[in-house]
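What follows is a pair of complexes built around chain A, which joins chain B in one and chain C in the other.
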Partner chain A sequence: MESGSPQDDGLLVDPVRAEVIHVPTEGESGPAALLPESVEPERSPSPMAVALRHPAARVGLVVIAALVVFSYIGPLIWSASPNDTDLLVILQPPSSVHPFGTDDVGRDVLARMMVGGQVSLNIGVAAAALGCAIGVVYGAISGFAGGRLDSVMMRFVDGMLAIPVLVLLIVLAAAFRPNQLLLILVISLTSWLIPARLIRAGTLSMKSQDFIKASQAMGSTSTRTLRRHVLPNSVGIIVVNATFQVADAILLVAYLSFLGLGIPPPTATWGGIMSTGISYINEQAWWLIYFPGLAILLAVVAFNYLGDTVRDAYDVTAR
Partner chain B sequence: MSPLDEMKSVPDVSSPETEDVLELRSLRVSDSHPAGARRLVDDVSLRVGQGEILGIVGESGCGKSMTAMAIMGLLPKGCAITSGSILLGGRNISALQPSEYNRIRGKEIGMVFQDPMSSLDPTQRVGLQVADSLRVHTDTKSRAARVRVVETLESVGLPEPAKVADSYPHQLSGGMRQRVMVAMAILCGPRLLICDEPTTALDVTVQKQVLDLLRGIRDSFGTSIVLITHDFGVMARVADRVAVMYAGQLVEEAPMGDFYRSRAHPYSDALLRAVPTLHGTRSARLWAIPGTPPTPAAHREGCAFADRCVNVRADCLNAVPALAKGPSPHHRLRCLHPVEPADGASTSSAEQGVGQ
Partner chain C sequence: MRLGQACVVLLIVSVLTFLLVRMLPGGPVQALLGTHNTPGAAAALEQKLGLDKPLAVQFLTWIGSLLRADLGFSYVRQSSVTSLIAASLPNSLLLGVMAFVMALLVAIPLGVYQALHPNSWSDFAATTAAFVLYSMPIFFIGALAILYLSVYHPVFPPGGVGPAGVTDLSWATRLYYAFMPATVLALVQLAVWSRYVRSSMLDTLAKDYVRTSRAQGLSMGQTVRRHGLRNASVPVIQLIGLSLPALIGGVVVVESVFNYPGMGYLLWQAAIQYDFPVILGVTVIAGLAVVLGTLLADLLHLMVDPRVRDGIG
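== the complex of A and B ==
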């Protein structure tokens, strides 16, 4: 999709952004961005298609795809074991044998980075999906029901939001031995609050729209109206929030691992590798900090880019 | 075009020509205002016959839309029918459970909203949305529903109905969207169509087309229509009978011709005089009714229009006038001191003769 026609890339591009993010087609996008916006095509493309025309989305998507390939396909190609120690080669800088170097007990950092990527993506995507699912149902019911039920449901959300997630996770990590499933559950049980609020607000404003009234005037039940009209109209909010949630969850997992409260060793995590790197910072073990740090940064930025552009694309009024 | 024939036959079989499709009996709708329930619709009695188009006119906030919403069973939160009843084909629907009401809405009563721009869900293809009422009320399979939808879209005068069905709302013009809304409302062959200012958001040429369409639907399917508007031009084009509402009350009701010739309520007369004409002198200022409509109240001491009325006398302030027989047959009027017909007292008796 990149090679086809560079001008197309530029059409929907905000010139400022195109420069900021250093898209591959930057050379062309400058002048192309100055072209007037294209006349509305015969068949209007889906919001997703619009989003994917945006270079930022492509960059995000390419990075995410690269991370997925790296984490899940990488171990099939790179045969080094992430957990085999070799005390003869501890803290070695990147070399042809260990492209990302080795850690303090001689484990191959590249292999560990791959496993860490799996952990991050598993938890990030699963927690975001679960959190959003809970939030969407909760928010839609609360907003659509309105009145007293709405007040009660939202005060509960307010109460939950008052609990700092990190503190909760630290307490839980101290009480239980964290594993991926537990982290997914805990993160999603705290992250559904934001989508619940967003969806409730969206539902509230949508409730007064004529097409909701028209749907009721047609004899639809509340459930049907919710399913057929409120939820599809909230897809933008949901998708955008889900991508941000993935980024947040990845970051949260990294914090925890860095603090030694995440998935316990020997399972590799990006945060864990960094944490080791901090301990050996005097030995100049930069590869233990830079590689996982870069991976976290890339993952978070990529999901945020994707979320941003998808949000713009779903904003029909801005088109 | 079998579904259309089917639709055409439905009202004829189920209800004989004489029966009223809709009857409101002393309908009263109140809200729950902290200072006491205010009457938004006050003692409105109306009948709509088979295949009849009843126009309801009045200023904003006089209870037109509230009446429509009461008929649809979609009164906003806090508002409720406090007395009176709504009969649809002789059946009292004002006391139905919400789930029973859902079976009537869309099936027996269709509704066309004011703004076609916002009445269609932007995320769904038009065909799917129109088909929704079939899906809700019947077991029609999606392919059969699609055929029926395309036929209905064609019957409301949309060119290339199959293409329209596959479009998203934003790809259609305002007039096309309002036609889609009409198609949606008549899809299940309702006996009654409620149009709440169906042309207000459209430009004038499209207005005419939509009004002609409504007339056409009445003519071919025998659908009764309640048309709510504040535009007398719209009213004159389609309505058979006119009901004027003011402050939640019905103040005058007459067949179209009688109304234009011999309206007797000062409010009706003032409303008609407020319609700009093409023939006036350039310097003449547009006529406007002084003052604003009263806010809804718990109850009224006298005539609601008294403080804006040119004919007001002392007795107007003492009691709410009753809805009594007007100057011509089938003419009802709520006024103690009606105006003489605009073009002189002499025509009044002559017009009565025409009214017969």
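== the complex of A and C ==
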């Protein structure tokens, strides 16, 4: 029986599952021969663990954690209401009463920043997750099916990619006037394209490898092969891309709410606060520009940075 | 072959946007009438806009007029979509081309310099700056630019294409007004492109022919000029072709920040006012621009890379 070590590429071992697929030899047949032989593989620590131990990745994680605490726990501590207007204190610069100042109708910007953070993170993470899920299924089917179906499915992705994302989102937002849930759907409709391409490419290159051929030769159905081998082996690509998608989604939410096409008022959004800041830029309301601007920048940098560090950990050539 | 693919892409774009707009809950009629919505008024408006016909008929009518360069009539403004686009397209082109040229002029030397001094202090600084810029929301850069260069220190105008009321603008005025929005747009592209030029040039410099050329006594500068630039430009050209959709998205945001009356501003206003013929028209033009840009990038690729031209490799 031939069995490679888990490091051997192209042998009958699924590098992620590390289970040796037992190939029946002459004279050996029957169900017993089809059972995978359980072995104790030598496993190096998963790249994800390596990546997260890296200090650079920790920086990203710490910033994300800080944003989560600010947005979700912050409102429990800072009791000012995000939507109460007070026309006596409009456009006040930061003070001890309003640490982030007030907006054009006297609302507390700190409280609004917290709610805006919830909106950004909710939508960013949910849209990225949904987009990746759609992309994974689509890409895996396309790559696995091959032939004409594959080329039709990929031409469709090309076509979608040729539409500028923001233009598409503006059209969708104009059509649906979204709430939070609808905004997640709308953004995920644009964020599945890149994951779909990546997963398709991964599936294609994996399809020709022996461990997939072996599992198919043993009568594994396509669905099973996809679930047991192709998807687990693509976890790296998926996770890395998902982090980038979160960063993109947070930016897109900000752009849409900046343009007045995101979640309708009075719900606070980072983009919306920035939009007020630009309307009152002649009054030099810098706090309506710096706080939302820096918050968006911090969130996007953190997710992009996390994605970068994890990708480097997965990418053998970069290590 | 590429042309056929481009046509397919355009068809998908137009079908998608058309369907999206027509699938609205309530539809454009509801949106336009708002509180004045009575069944009688709705039916009358529907008939006037031709929305009572079957979807397929509406689509064919729309495609038919599209081929005659007739994009319909705005629901909100007393103007045809074609004339609205004709008025704003030149402004966007100026902005886009300016940003494009500025980004390239900085990204290429910067990326090459970084590749020649990898892991140096300046390389690290440039990489970090590019990373932050890339993650920066465009409207934040725009707002900071207006705050510091128009409000605190009035160096540049905060928006528009020219002084209010003036219709025939000189090139100098146009460039002056477009400078700040174009720079903001260029900064974001620059961040992506310089990173890419750097890695592409690094790959090229690691090739054997570069070592050979150095061994023959050419200086590093000569080697880069003779072999590096041309070889490294192939992936960069492809990337630039691919980044057109992002550039167009950036145009939309920048034009809204600076109230710059181009295609993006037109799209934004139309989206807020449910002006669907305008939305459709702008989207189709944007799709066309992307397709043309991709074809142009392919053509350039063909010119630069003899392997592709002669069908080898």
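The working rule: the second predicted complex is superposed on the first by the 269 of 319 C-alpha atoms of A that agree within 3 Å, B and C clash if a C-alpha of one lies under 4 Å from a C-alpha of the other, contacts with A are read in each partner's own complex, and residues count from 1 in each chain.
Basically, a residue touches a chain if its C-beta (ideal position, glycine included) is under 8 Å from a C-beta of that chain, and two chains touch if they have at least 3 such contacts.
Since the structure is predicted, the reported quantities are computational estimates derived from the model, not experimental observations.
Q: In the superposed model built on chain A, check whether chain B and chain C fit or clash.
A: fit
Q: Look at A:251 in the shared chain and tell me whether it touches chain B only, chain C only, both, or neither; answer first, second, both or neither.
A: In the superposition, A:251 touches chain C alone.
Q: Quick one: classify A:175 as touching chain B (first), chain C (second), both or neither.
A: Once the two structures are laid over each other on A, A:175 reaches chain C alone.
Q: Go through the superposed model and pick first if A:78 touches only chain B, second if only chain C, both, or neither.
A: After superposition on chain A, A:78 lies in contact with neither partner.
Q: In the superposed arrangement, does A:219 touch chain B (first), chain C (second), both or neither?
A: First partner only, chain B.
Q: Please work out whether A:235 is in contact with chain B alone, chain C alone, both, or neither, and reply first, second, both or neither.
A: A:235 contacts chain B only, not chain C.
Q: With both structures placed on chain A, which of the two partners, chain B or chain C, ends up touching more residues of chain A?
A: Comparing chain B with chain C, the partner touching more chain A residues is C.
Q: A:280 contacts which: chain B (first), chain C (second), both, neither?
A: Neither partner.
Q: After superposing the two complexes, find the smallest distance in angstrom between C-alpha atoms of chain B and C-alpha atoms of chain C.
A: 21
Q: With the touch criterion stated at the top, can you tell me which chain A residues are shared between the chain B interface and the chain C interface?
A: After superposing on chain A, no chain A residue contacts both chain B and chain C.
Q: Over in the complex, which chain C residues touch chain A? Could you list them?
A: 5, 8-9, 12-13, 16-17, 20-21, 23-25, 131-132, 134-140, 142-144, 146-147, 150-152, 158, 244-246, 248-249, 252-253, 256-257, 267-268, 270-272, 274, 276, 279, 282-283, 286-287, 290-291, 294
Q: Would you mind writing out the residues of chain A in touch with chain B in their complex?
A: So the residues of chain A in touch with chain B come to 44, 146-147, 209-211, 213-221, 224, 228-229, 232-233, 235, 316.
Q: Tell me, which parts of chain A touch chain C in their complex?
A: 155-156, 158-168, 170-176, 247, 251, 254-255, 258-261, 271, 274-275, 277-278, 281-282, 284, 286, 289, 292-293, 296-297, 300-301, 304-305
Q: Please output the residues of chain B touching chain A within their complex, sorted ascending.
A: Against chain A, chain B makes touches at 72, 74, 77, 99, 102-107, 110-111, 113-115, 118-124, 132-133, 136-137, 168, 170-171, 181, 184.
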